[in-house]
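Structures for review follow.
Two complexes, one shared chain (chain A), two partners (chain B, chain C).
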Partner chain A sequence: MIKEDTRADVRERPRIGVYALTSCYGCQLMMATVSDILEVANVFDIRCFYMVSSASTMDEEVDIAFVEGSVSTEKDLKEILEIRKNCKTLVAMGACAVHGGVQSWAEGNLSYDEIYEEVYGDDKIDMPGLQAAPISQYVHVDYSLPGCPPEEDEIMYFLTTFLVGSFPEQKDYPVCAECRTTGNPCILIESNVPCLGSVTTAGCGARCITFNVPCIGCRGPVPHNTAWFDALATVFKKRGFTEEFVRARLKIFAAHNKNLDKMLKKAFGGDK
Partner chain B sequence: MRYVKISRENTYMFLERLKDLGTLHAPQNISEKYYDFVEVDDVHSVIFEYNRTVRPPRRFFYPEKETMFKFNMEEVEEYPVEIQSERVILFGVHSCDIVGLRIIDATFLDEQPDPMYKKHRENGIIIGISCLPDEYCFCNVRRVEIVDAGFDLFFHEISDGFLVRVRSITGHKLIEPNLDLFEEEISKEDTDYIAEFEVKRRSMFSIQGNWDDLRYHLEWNMDHPMYVRESEKCLGCGNCTTTCPTCRCYDVKDIPNLDGKTGERVRFWDSCQFRTHGLVAGGHNFRPTKKDRFFNRYHCKNAYCQEVTTSYCVGCGRCTYFCPAEINFKQNLLEVRGEA
Partner chain C sequence: MTDKIVQSIDIDHVARIEGKAGIEVHFDGADVKIAHVNIFEGPRFFEAITVGRPVEEAVAVFPRVCSFCAAAHKITAVLAAENALRIEPTEQTTKIRELCYLGDHIESHALHLFFLALPDFLGFPDAFSMGKVHKDLIKTAIALKDIGADIQTVIGSRYIHQENVLIGGFGRLPSRRNMEGLATRLKGLFNMAEDALEVLVSFPNWSEVEGERLHLALRPVGEEYGVFGDTVEATDGTKFKTHAYRMRIQELVIPHSFAKHSRYQDRTFVTGALSRVTLFGDLLSGRSKELVEMYSDFLDPNNPLANNFAQAVELVHWIRRAHTIAFDLAKSMRDESRVEYKLGKEQSGVAVTEAPRGMLAYTIRVDSKGVITKSDIITPTAMFLPVMEEDLKRLTAALLNVGTEKEEIAQKLQTVVRSYDPCVSCSVHITDVE
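Up next is the complex of A and B:
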């Protein structure tokens, strides 16, 4: 456990834990460096925070657990079950935890054994692996905080709504909404680039497109089955992009989405 | 109405002087193909001939995001916020967008004036400019191709500059101290130019007539196959609504502070193309499918507006021009009218 906080009101403060499964620790870094981090540390009782303290453990009882990373190993699976057991509210934090992350790219194309062989050949590794998956595949997730990494304002919004006993409202509209209000031209229409903004959850303020870089969907598909991959794939098809290209691009961050393959099939026709 | 005349060269000088009165925004290129109202630095980068801006002018008076009030949950009190508003001068607004603002006025000012919108609007100066339509424009069938209210000055193209209609007291106040730039003598040649310009302009629209009866066509054909077919193509991205000069929907969100008791309520633009627009307590959704949401926009723009005007659509063409799926609003409406 992180060094005991002895201040008088510590017991009244919500206990939070910040954990990491297979990931880059980027979400934790984002959380550890929010500009109000000192105040956050004052109003919450931070029981564990893997990036900040190596004394962090999974068996702390917490009110809110923020978990980054995908379940990619047997160890991850054991840990996420442990975290779920010890927390009241579980927040999947970042692209890996919410959608499986880039490590899920091969989902639906290659089996775990095929991926293993590609990477390690005949070598043996100590850590038994699993096909990378979002944590919701194994445990109940209460709230999702998307992003690669999540935005500071969203991290603060999650923390403060929990603090007042409320809950964070999920964004369920695409990046395009923020892109237009930011005043960007639509680069898909104007420059014929394969921008995924229309199927990707908003919240980033269309950062990439503002710098003329097409969206690759790091915030994951718009939730509640409102990411219309079929309509977008039809647009891409009309603009000359191949099915392989469109599938590969959408798989970067949306490989685990149940609608993806059937919607792509609908747009491109045929079995492949 | 008072008319004055100004040369193109003097117009730049006039714009330079307007900059001293507030923040001047005018159409400028933001990419190879697109325009937007951008704060003017170099007056020579202002474009007099443009088709449409990505963002309609409503954002100057009805910002995408605005704090409504602050609150304290322990004291159970709310505190007003000081409305941050400065003088905004919009130069180069097309007639469709001027009518668009008046439609927004009807919502935000008529019955229960919205204090934020009211203050921003009072701080606004609107200077219109004449234009020629492209294939996306259909303001003529919406009968807003000529406006005679809702602006302070309106610049009409003439051979060597602009003939200016002075509409308001504010407009007079803009002209009076700058008479060195304007001519008060209007020639027959100038008015002939405008008359000819209008004839030419009218002939350029891809459709003619008027759509005052459009509401009935929509109401009589609620199950027209167009809705299913076209909504299939829809990305649900909301570009049609965020670029629309008359969309007014907003959502509110409470953002608490780290002290655990205070916070602020923020309102931000919403879109009927998004799932939560029709979502209410208990999980019921008035428009659960993409088709329902698609249908809503066609009817909101054309049939849900009996009180205020014949149409909430001003025919600016943005919803089609900025649709990545190339869904053609005008064409689809023609289809419902049986005129495609």
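Up next is the complex of A and C:
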């Protein structure tokens, strides 16, 4: 089933695997459709990428594993443990893997059983499900590639650093910074819309704001202990957005983030 | 002496489809006992987690059901929300949305045909190795995928999870120049759009998998082959208004999957490109109409493999239709602000559209504070899964009868599953059980 590649350099090419847990397949689709994909397929030895290749297996060792999706079933859990065992470097790819994704939105509000009942009623399904969680809840994650989905240039940056034997650095500043370099007017201030850019990790070039659409935080909260967030976060309160409203909105993509409350306190507490 | 041992074919993970599914077939001699498509994709409970949240946030979350048809989910959810809020989009908004939606169809069909389906027919494990031998084919694949993706990016902000498709309209409208650029590129792709068909005409459908089936599709508005409509028609001559879909389409919970199975008047049914061409192929025009007439043998409504062919025909049509819309918008686009809504009493809204894989239905109920109190989604994959299982059963039996090896049967079963272009992530997003 595995393609036999007899070229001499095949051993030197870093082996990568792309795996999916519970997800929308968007991160993988992004990776499969980067404009240099044919080049990527040449310089890496892709051992597992079920979405695009039937020459894929789960139980092979790879140098770098890119994992998409949250742990939402017992099967996901078994697989992530196996992937961790089989890889040297593990990258959590996308909001689902990094933060638990939109499927974690109800985290802390509803239990798995309550959510299950809303959707399936009393009927039973053979497969055991779990409350959706980021993969870091179960295994060590070496690098996180944020975004829902991640940006093409960032995927390429990660791949390139691995190719040259280096490692990717994470962005630690908020989307507001990119708004300024792009020259966008601040829509939180000018149009009074609940833009989450001040507390969201940059890297998308302030994509939504350039379309005059408020950031909903798909790249996840700015990492703790670094920039934290932009001073604009204190504007929420002045503009009449309550702490509860902003918390619920932040939870779309950051339900499992431990610093959420600290962050909100800082944004809402200090402003009289 | 008869062989009493029940044998099985187990495929853990069908490659080259969207999502995680396996195939499990049990047979005794040539008597096939069970043919299951096991859905391993975990549930993401979109209908439960959006309850209690502002409708604006919920419509931002819905496209995350599935990346291959993110625009389909976004646009359908927005239409259902607008229906619940009792507002109508402007004519221009509808036109831009249709173009965005066609971008999704073009991207999705191109990915499915060239990256997922064709490698089977040409004998490769994936498009990368196929591309080493068939260089032109992979060039076409990328050009078509790119134009589909770029249409969605120009209009929706990106091609997976478009944020610039909003209730009432758009945050920012694309410019006339944008539209002109798209129109020019689309025109340049008219010929390439036929490349998938050209490959497929060398591969007749397998008769072993043939079996009668009921097709459902949305009658397009304006009598022009398209994605929007308000009446569903079936090949048995019946029809119903989309607002009644929850009455007409029943959903069952099945132990071997997080995806529910659908029934129409107690019958299993299919939906998708083949259903659209079967029911409304006469509304195609120009080149695609010519092609449908030329190759009608390949479009057998009772053969699931014909769905590949139907998608390839649609690709030809969508590229031309997208060109017409973009060309028109390049001249007519004018500045327009979003239609505003007033919150009133609690009401439900419904929308059904034709997504790349078939009918997609949304019901959204919004209360007087703009908060969701109920949502219901039925996806095409959930609709056609039961028929897919019947096909696998029929095919296995036919192949066992002529002594085909298990290995080969397993390959063929996967090819049939792929021809449906199932979207497993979609299928597990599930409606509620009352």
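Criterion: the second predicted complex is superposed on the first by the 241 of 272 C-alpha atoms of A that agree within 3 Å, B and C clash if a C-alpha of one lies under 4 Å from a C-alpha of the other, contacts with A are read in each partner's own complex, and residues count from 1 in each chain.
By definition in this document, a residue touches a chain if its C-beta (ideal position, glycine included) is under 8 Å from a C-beta of that chain, and two chains touch if they have at least 3 such contacts.
On a predicted model such as this, the values are computed, not experimentally measured, just so you know.
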item: Which of chain B and chain C A:56 touches, first, second, both or neither; value: second
item: Touched partner set for A:102, first chain B, second chain C, both or neither; value: second
item: Of chain C and chain B, partner touching more chain A residues; value: C
item: Contacts of A:181 with chain B and chain C, given as first, second, both or neither; value: first
item: Which of chain B and chain C A:157 touches, first, second, both or neither; value: first
item: First, second, both or neither for A:207, with chain B first and chain C second; value: second
item: Chain B versus chain C as contact partner of A:234, first or second or both or neither; value: first
item: Contacts of A:148 with chain B and chain C, given as first, second, both or neither; value: second
item: Which of chain B and chain C A:33 touches, first, second, both or neither; value: second
item: Common ground on chain A, meaning residues reached by chain C in one complex and by chain B in the other; value: none
item: Touching residues (chain side chain B, partner chain A) in the complex; value: 30-34, 36, 54-55, 59, 64, 73, 232-239, 242-243, 253-261, 263, 269, 271, 274-276, 290, 322, 324-326
item: In the complex, chain A residues that touch chain B; value: 36, 39-40, 43, 156-157, 159-161, 163-164, 166, 169, 172-174, 176-177, 180-181, 183-186, 188-190, 197-199, 222, 224, 226, 228, 230-232, 234-235
item: Residues of chain A defined as touching chain C within the complex; value: 1, 3, 20-26, 29-30, 32-33, 37-38, 41, 46, 49-56, 58, 69-70, 72-73, 75-76, 101-103, 105-106, 109-110, 114-116, 118-127, 129-130, 132, 148-149, 207-208, 210-213, 216, 218, 248-249, 252
item: Complex contacts: residues of chain C adjacent to chain A; value: 13, 15-20, 40-53, 57, 60-61, 64-68, 70, 111, 115-116, 119, 125-129, 131, 138, 145, 149, 157-158, 160-161, 163-164, 166, 170-172, 253-258, 414, 425, 430-434
